[in-house]
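Next, two complexes with subunit A in common: one pairs it with subunit B, the other with subunit C.
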Partner chain A sequence: MSFLEIKKVGKSFGNQEIVKQLDIDLEAGKTLSILGKSGCGKTTMLKMIAGLESPDEGSIKVGGTMMNSVPPAKRGIVYLYQEDLLFPHLSVYENIAFGLRIKRMDKSFIDKEVRRMIAELQLEGHADKMPEAISGGQRQRVSFGRAIITNPLLLLLDEPFGSLDAGTRKDMQLLFTDLSATYKITSLFVTHDMKEAILMGDEIGLMREGRLKIYKSQQAFLADPDTGVANEIDFWGGLTSNKSD
Partner chain B sequence: MRRSSNSIVMIAYAIWVLFPFLYLLVLSLSADWRFPSILPNYIGLKNWAAVLGGETGLVKSFFLSLFISLLVALSSTLCGFLLSRIVNYNKKKNLWTIISYFPYVLAPVVFGACLSYYFLRLGILGTTFGVILAQFFIAFPYAMIFFSPFWTEKTKDYENLVATLRGSLVQKFTKVLFPLSKNLILICFFQTFLISWFEFGLSSIIGVGKVQTLTIQVFLFIKESNFYYGAMSCCLLMLPPVIFIYVNKRYVFNKIL
Partner chain C sequence: MKSKSRYIGLALFLLIGLLPFGLALVYALLYSFGIVGIANDGFTTKFWQQVLVEDTFVQSMLYSIVISILSVVFSVGIAMLIAIKYVSKLEKPFMSFVSYLPLCMPGIVVAFFLIQILSEAGWISRLAYSIGLIDQLQSFPSLVNDSLAIGIIVAFVSVVMPFFLLLFISVYRQERLDELAHVASSLGASPLQIAIKIKIPILLHRTRMIIILYFIFLLGAYEIPLILGQESPQMISVMVVRELNQYDLTKISEGYVVAVMYTILISLLTLVVFSYHRSKTVSHA
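For the complex of A and B:
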């Protein structure tokens, strides 16, 4: 049964139709990675799901609850940006604890949860550091921890690894896959990197000019010539064969 | 050689900067200083004792000015912060920003003359509230313009993030926006305080002589050719800015730079 159900959602700014007839059905605990070029409507789509933009038409349901008129603070949907957006006035510990503190949870519960999360994120020894004193990859980990610790219904990731170097990016992909499995996170993962989309998603979506096409399996995605995967494989295959010649 | 010439330049600079202040201080301690005497015939605390004794009305003016300036600074900083958020997130941001500059097109005296008719009709001409309101009209747009660069896309993203982490509007402000802009708020508070503290033209027109702020007292003493009391009121006028400059330098600028 679908956990995230989006039906016929559309959004225009002026005369420009940004998102057209958006349909998504995603089971709980699954990741839908969405591939698309800049300006194709990915961010607007995520913002509508998070409640930061209102759709012109269609319905958004999470866990069977209609979300269209629910404000962002009551949706339980966390939106993560490409930039980590750590609060510069708070330490690593306090950044992770932020979501629990604003819910006024018990102090000992917060402490236990934050320490557990710090260990999961392999950030031991960094808890008291300020954000400017840690690396880009570590900052992104803190950002994940701050979102996941609130136990969101749905996690929306808008090119979260876009600003990281290749090595750190690979580590973060592995970490996110592990965290997704451990915490059974339902997520939409937006990227413009084809390899990342294939690695991260249980299902893969391709967004073009505001229209989203979803492939329920990697095989279906690989088999569709529209995705451009076949061209990529041909290109790399061609390079390998040229070298061996 | 070069070192000593540098020292001379530095000492000359210090004298050039500090001389007017030292001179004012000496003048405020003086009495009966007539040409061609190089030094005053009397140096002591007589003038200051008169001030503290309440004879001159300076202490009252000092506290009245302090009250007006603190209120103007507090209200304009707070309103400027909140309103600039609305303006800068508005689609017609540029138009609203241009409107914020309008009070500065007119000289404060002319602006005061324009306001005086309406203040008279409202019955607040010649009242402390009227002076506070008039000064607020000058300081508030300044605060609006001052905070404009703070409301960037990134700040908006912070706000959205707090919302999706289930934070309320109040928590957005108390947990993120105020801490992020703490130094800017302090600087704006100091600046608007100074705008109000040194305001003369607008206050004299709206106060119509009934609201005796410290700047008005300074000009009254100068008009009366009472240089000793004039110098003394100038010393009092300098006191809060000196304290603010020290606090700014010690706790704000050093953290920004």
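For the complex of A and C:
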């Protein structure tokens, strides 16, 4: 049973068709990683799902509810940008608590949840710090925590690790995988990086010129010559064999 | 070489920035204690006692503080409202030009312009008379040289508000408030919550030092309160100049007492504000 159902969604700006006949069926708790070059329509697709852009055609359903006319604040869909976009006037604690405070939840409940999230994000000792006083990786963790604590129906990640160094990126990939499993998060994970797409996704999508092709398994993705994975493998394999010769 | 140029810079700052101020303060202090001055004949505290016994200084100071606070609150409030609501429209070339234009207007021109508009014989009064809202020009409520300082506040807001508008637009873009608003919205915040919990606090947080400095600047403003203010109480700068220009030469020393007290008060306020700002900056680093 699909949790996220997108049928024939399209979007144009002027004469240019940015997203064409978008179809997605994703089960609850799964991650669809989407690979694509800059300008292929990935961000517009995410913005339509988040409600920040309206589709010209097609339907978007989450958990069986039609979302096309639901305002962004009521969708329960959280959009995470490449930059962490933490609220600069709030501490780490208050950034994470933001979504719960907005919903006017009980103070002791908020405190318990925020402290638990801080522990899961391995940010103990940083709760009272301001965003400018922590590292890039820690900021991205706070950004994740701020989103996940609200228990979103769907998480949209737009190249979330794009600005991190290789080491921090690897740590964040592991953290996201753990959090996804713990909180059973349904997510769309957009990335430029083929390895990251393979690592993060239960399903993998390839977007080209506004069209999304979804591979239901890693094997299907690896087997399709259009994805370029075979070329990558040949290249690295060639390097290894040349070295051993 | 680097430390030498640093010392030269420091020396220049002391010479140009602090020395004239320090000398003026010392001169005012000596005058206020009767040590210098044409009508004075030696150290005395009588001018200080005189000023402290009379409530003119306190009254004038409180009057200045209230006017400055109201002017800053209105200026910041209006500018913030416009910036948040119309930021994208204000960035269009024509609107940008229009919002810069008031900055070219000197305070004295604004003051005279407001007399033309708001006085009993001004345009609004004449218009109200000609359409029969009032039966004589004198019935028009006095909005300049008035006891509530409406004229001064309107003039201050006209001069200061455009500056804050441009400042807020710049900070709005710099802090990427639209993107933060999208994040807040996707976390469930309504447009009102986004304004109250995200946009306004960030704009205030980033500009608080400038807002306080503008408050201090308005506290000491001279031309506008001189033209649009009433006889009593007067704003502090107008009162000091009035005292210093008295025909009674003994009153000049009292004028210097007020000037010294005002300078000490403002210096302390500035010191507290900067120390607080510095401590916040250091603790965030």
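Keep in mind that, in the parts below, the second predicted complex is superposed on the first by the 245 of 245 C-alpha atoms of A that agree within 3 Å, B and C clash if a C-alpha of one lies under 4 Å from a C-alpha of the other, contacts with A are read in each partner's own complex, and residues count from 1 in each chain.
Throughout what follows, a contact is a pair of C-beta atoms (placed from the backbone, for glycine too) under 8 Å apart; a residue touches a chain by one contact, two chains touch by 3 or more.
This one's a predicted model, so the numbers in the text were calculated from it and none came from an experiment.
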item	value
Clash or fit, subunit B versus subunit C on superposed subunit A	clash
Contacts of A:222 with subunit B and subunit C, given as first, second, both or neither	neither
Touching partner for A:73 - first (subunit B), second (subunit C), both, neither	both
Which superposed partner A:132 touches (first subunit B, second subunit C, both, neither)	second
Subunit B versus subunit C as contact partner of A:105, first or second or both or neither	neither
Overlapping contact positions on subunit A, where the subunit C interface meets the subunit B interface	50-52, 71-79, 81, 83, 85, 87-89, 98-99, 102-103, 146-147, 150
In the complex, subunit A residues that touch subunit B	50-52, 71-79, 81, 83, 85, 87-89, 98-99, 101-103, 146-147, 150
Subunit C contact footprint on subunit A (complex, rising order)	50-52, 71-79, 81, 83, 85, 87-89, 98-99, 102-103, 129-130, 132-133, 146-147, 150
Subunit B to subunit A touching residues, read off their complex	154, 157-158, 160-168, 171, 175-176, 179-180, 182
Subunit C - residues contacting subunit A, complex	175-176, 179-180, 182-190, 193, 197-198, 201-202, 205, 284-285
